[in-house]
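What follows is chain A paired twice: with chain B in the first complex and chain C in the second.
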Partner chain A sequence: MREEVTQPKIVLVGNPNVGKSVLFNVLTGSYTTVSNYPGTSVEVSSGRCRIDGRSYEVLDTPGMYSLMPITEEERVARKILLEDRPEILLHVVDARNIERMLPMTLQLIEAGQPLILVVNILDEAERLGMKFDLPQLQQNLGIPVVGTVMKRRQGLAELQHVISNYQGPPPPAVPYAADLETDIVRLAGFLTADYPLGPRATAILMMQRDREVEEMVQLEEGEGFPLIAPVLHSIKFSRRADLNLQISLERKRHTRKMLDGALQQEIADHPPFSERLSRLAMNPITGVPLLLLVLYFGLYQFVGNFGAGTLVDFLEGTLFEEYINPAAISFLNGLTDIYWLRELLAGEYGLWTLGVRYAIALILPIVGTFFLVFSILEDTGYFPRLAMLVDRVFKQIGLSGRAVIPMVLGFGCDTMATMVTRTLETRRERVIATVLLALAIPCSAQLGVILGLLSAVPGSLLVWLLVMIGIFLLIGFLSAQVLPGENPVFYMEIPPMRLPQLRNVLVKTLTRMQSYFLEILPLFLVASVILWAGKMSGLLDIVVDGMTPVVTALGLPPQASAAFIFGFFRRDFGAAGLYDLQTAGLLSPTQLTVAAVTLTLFVPCIAQLLMMKKERGLKTALSIFFFVSLLAFATGWVLNKFLLTTGLLS
Partner chain B sequence: MICGFCAKEIPDKVGLNSCGGCGSRCRKIHCPYCGYVNPAPGKFLERLLKSKPKKEDG
Partner chain C sequence: MEKLTPLAEEILESLWIATVEEKAVGCLLSDLDLGPNDEALAELVKLAYVEKRGDRLSLRKEGRPEAEMTVRRHRLAERLMMDILNIQGEKGNDQACEFEHLLHEGVDTKICTLLNHPTTCPHGKPIPPGTCCEEARAKGGFGVVPLTELKAGQSGEIAYLAISDGQKMQKLMNMGVLPGNQLELVQRFPSYVFKVGNSQFAVDDMLAREIHIRDLR
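The block that comes next holds the complex of A and B.
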């Protein structure tokens, strides 16, 4: 006999990896089906269960972090809430991270959902010293709360009991701060239809610029919508800068209130090392020295001294120079007597002598050590804390902590980072970040070579660093003054700090190295061919001669022109050219510093220029290109005069 | 995959996305929540990266 079609529904929601699927399997047993949600490729599991003689349909939704969907999975999960109208909504949270997850519980209460909170993984939370008073939490929230360890079915009977005795929807939501509350109530007052998420949550989502919800309201309200639109527009406009921040802070405040008396952490007086480190990393007084330590040991010592020094010396100076190069060059020269072909294979700008050697012996060890440090920092969760730390400084240059993402990625590859600037909120931020990436953020290989070369000359690295920081802040500040717009507001949920996992770090480092190598090798080979063709045709001499007056004006030897030409192909290629100049003994300490500063500031490479055009348009890209080139040489010229006059590095 | 910046779970179906800057097919996954670029390991490395699924996950 066919079961009745309109069975009451139990829907499971929650963040990913909180034990939803385990709970789903425990509730439904083997009677489950997995199918794509209509019109999407997102899988939704459904099954049935009987509790106290009553039959329910159970749906396991994809993981979601809030009612504002970002991914297709979250969109589907919300659609299920909107369209399926569950009789019981189980919000499953991980007890260990309850403070991060309760804001969504508050959102669901706000939406008037028939909610039961399932605090799962209690055993591990207790092992971490967290003591829950769940009856108190239930009283604070005003909804049923059940503690579970679902993998051991602990709490299942209580949960089933609560489901079968569930009494009505949750209490009204706790009001926000007065000014915000006034806007919410005003907008919600206009909503007359029966909304699945209730008028309050619907109004908040519209204020947060949720297009789907706004379209739904437009459809539901029909002729009444023109009354709502101007109110909505005026609220959106007046709160355009900080609405999401304010809502997030309000929910965090409510979360702390809800947990008051319901959660005791033995660690409160003596927080664990990770928590203390996290606070230290974000506090400006301790965060800046910590950042300097990270830069000193991570970049200067490990990438600069070990990667660009020891490793490159071994690979380039010993392995290639003494063993591989003589054999390879002799083999390649033995292949042919034709001069131009010999030059192409193993000449001054040959495929082997320049392309392969630069890529393998110079760049790979440097980016390898850089990516290792990068992956360790990434895996600890340091970067979001860095974003919070620099937020205040970044505000002075028209950016926010969010811009840490492209800036940090820029140290890996500026081209990729330029694309990531699209995630910044305003056009002003995107342009400023693009300028700063093109100007003052060296890519990993360039940074490694420069650190390696300059660390051998006392004072040189400090001068380079001061000039870079000075130019970064000055140009950022001036750009922020010139470009109209408001200062962005930045906030983010800070994930827990953790010990880096060796496997994660190794896999990420190797993946990045593999990508990088596969990207640069063909480009280095192409650049070698172009330079070889230039040499054979005499064009390269003309270009070098053309650049010589500029280069000599900087106090550099004419041979340095080649490094600048290399740098336009790839930043790292240029840095490798600088390495050759220095190892040939052609540069004094002052010349080395001036060359390093000018090359770092010098025009973005071809790939970055193309990306700037793609992201910011041709006019902006060309303007940045010419501005950066001019500024690089002007800075180099001034620095050379300054160093010669003061005799600082003599 | 967990995003290296915001630590949110990136759904499996979020595709690889190269920036197209260099013409190579570098394997990168852009986090839909924060925009951070995560390296996407190839099959062999991915197998190393994937831990045994915890019973509590889901």
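The block that comes next holds the complex of A and C.
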């Protein structure tokens, strides 16, 4: 066999939630995140595999619904098809929904792609009473068809066999209705260059007003394009009203023909348990209590009490304080006699004391337990249901139900959540979500400490909660009024509920913890160095002193200003700083509540600010930064006056 | 029966409105801008639909059913232009005038069903009911309605999507929300949840209002 410089590529395409990523993992043996939430896998994973002595590069693409991209993910997926020229293209479909996924198969055949159809999740389809005759389907389509249950590796050997014996391009596409066909053939006739999707599909996409494809053709045809342009224009114009609909209906008609004799649907008996659970989760009467249960057990009990309480006590109180710290500090101090270096390593704000210890003993357990809960919920398919439940409320604050994912993720890590806001559709939504994340959503690290703090004082937790919800809704509502643009439209596929798989959940949690840890540890170290430098140079005292009038205006002791300064380097530093004040008995219930509220609202941590700049641009990021700081102190001031006047917490 | 020419239909229509709705005895030829030797008029006289006495024209009993249906077609065309095709004002009127003459041989029934058997035209005048309207009432089905009008558990066929945003429409179509597919409404509140095939989707009321469902009973 000829030695190739680049390996032949196998590319996986398909709708979200059809098991592409699982197939990818099974083929390559390496792991990528498998997700139940439509459109989470924005990144493309690649891996390698050997089949029958030949090695391939395998690419997993983001979910796509059609060759005509609408979302950013689909654009990425199509780019791969356009640029990578796969040797084998695996179109993975969910057997249960084969009827609505086959149109894309037809589209890929039309594009002359080296296609193999993988009909996945056969087991669940059969449970729904669907009977497949896959050889018949293969005959109808004229391309290899393999039935699989990838999560149990069923059908893998056959798929590998089909891949290694794959022959030749698919058969010519079935023609559309005569009038449409005439236009397609006429336009395709003009295309002379070698197009990755073939002349036919390229022509259709141009007719469907796909700008990217048109630009590509313009580039490829060069001087020939002026000949094409008027023809294209007149076709586009004459079909402006219903071309997309007509094509969709034609493909649907073809799909029916392809499935003729290949699929029988028997009436399934009573709805399965998952379906009943799904309805419970979506019905507001049962769904809201269910949400509260999830929040109470998942967030409050597991993350708050177990993660931020038990685990932190053990790691920080027992492991670090009693065993590791004394040894480590004396070891570090033994390294040098130089005062500033000692301070840098193991002093009050030293790399070890502040950086490593906080990151590992305080933050990691909290974030870890949160990610575990988040991964479990994500894998059950709960989030799309939550999205449809809150859509009405979110509309009032200028967001759609879709925004619930970044919002929930924000309770884990606002920085990550800010990054995820890019999946929202309009810039308006992205800005509102970013503001709310920066302002009113405390991250898990902060949340853990704050819950621990406030639970000591009856009533303060309730005040804090009400203020947070109030500010969240109020600022969301106001931003929706102020920012120009229309309210978003909400539509979302609701994937079936499934039992999360242990391995999947664990790997996902670990991957998230890993990336979080890799992201934060350097930042903790940087923050330590900055704080240390500030302390050494006296600058920190100046900044803290500068902050003091603001802090005392809120009725807080001057020492609290250090907590606010730290809060910027890491939101949870600030909360932890409060914790120190509380244990030292320096805070009254009112002061504690005011401090907790102000600190939660106060500027996001430095990592989130950087992410905001990256996602929203410097100007927007800075505006949000100043707005949030101002609002935090204003709220703290008002709350302090209110609590003192009413004597509510004293 | 011979199909009437458009001009003849216009005359019938005006006469019917004058006679039935305005309770006039008939009208003058000059009101209708007709000359005494008008061809369309001669056609109607020959069919014994109208009676001409001097310059006065009246609708005969024999012409009433045909005239009524002509008015019906015109007002259906108006509804179609204004509600579905969103052509408003004078332009809508003009288009409707031309369009009504095409609504023969069951097309009017189809459009009436599509519009869910409307009872009034956009100007508030009654649309004379056709047999399809009577049948629909007898069956008690919901006809063609936006998704928002369905009760949870009801199902039907997707009739058409009237979504103004092309991309949203494309997305829905890619997901299998296509005319002709079966749809079952699972839930109405807080968002609309429906089932197409083995998939479920949630949409807000803005989108739900634009997905139109045909009753299959």
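One rule holds in what follows: the second predicted complex is superposed on the first by the 374 of 650 C-alpha atoms of A that agree within 3 Å, B and C clash if a C-alpha of one lies under 4 Å from a C-alpha of the other, contacts with A are read in each partner's own complex, and residues count from 1 in each chain.
To be clear about the criterion, contacts are C-beta pairs under 8 Å (C-beta built on N, C-alpha and C of every residue); 3 or more make two chains touch, one makes a residue touch a chain.
This is a predicted model, so every value here is computed, not measured.
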Chain B versus chain C as contact partner of A:P549, first or second or both or neither: neither
Touched partner set for A:I70, first chain B, second chain C, both or neither: both
Touching partner for A:I121 - first (chain B), second (chain C), both, neither: first
Which of chain B and chain C A:P384 touches, first, second, both or neither: both
Touching partner for A:S248 - first (chain B), second (chain C), both, neither: second
Of chain B and chain C, the chain that contacts the larger number of chain A residues: B
First, second, both or neither for A:P289, with chain B first and chain C second: neither
Which of chain B and chain C A:Y491 touches, first, second, both or neither: second
Chain B/chain C common contact set on chain A: 65, 70, 384, 492-493, 496
Touching residues (chain side chain A, partner chain B) in the complex: 15-24, 41-42, 60, 62-63, 65, 70-73, 120-121, 150-151, 378-379, 381, 383-384, 405, 409, 415-416, 418-420, 422-423, 492-493, 495-496, 503-504, 506-508, 510-512, 514-515, 518-519, 522-523, 607-608, 610-611, 614
Chain A contact footprint on chain B (complex, rising order): 4-9, 11, 13-14, 19-22, 24, 26-28, 30, 32-37, 39-42, 45-46, 48-49, 51, 54-58
Residues of chain A defined as touching chain C within the complex: 65-66, 68, 70, 96-97, 99-100, 103-104, 125, 128, 244-245, 248-249, 252, 278-279, 282-284, 384, 387-392, 395, 400-401, 489-494, 496
Residue ranges of chain C in contact with chain A within the complex: 161, 165-176, 178-181, 186-187, 189-191, 193, 196-204, 206-207
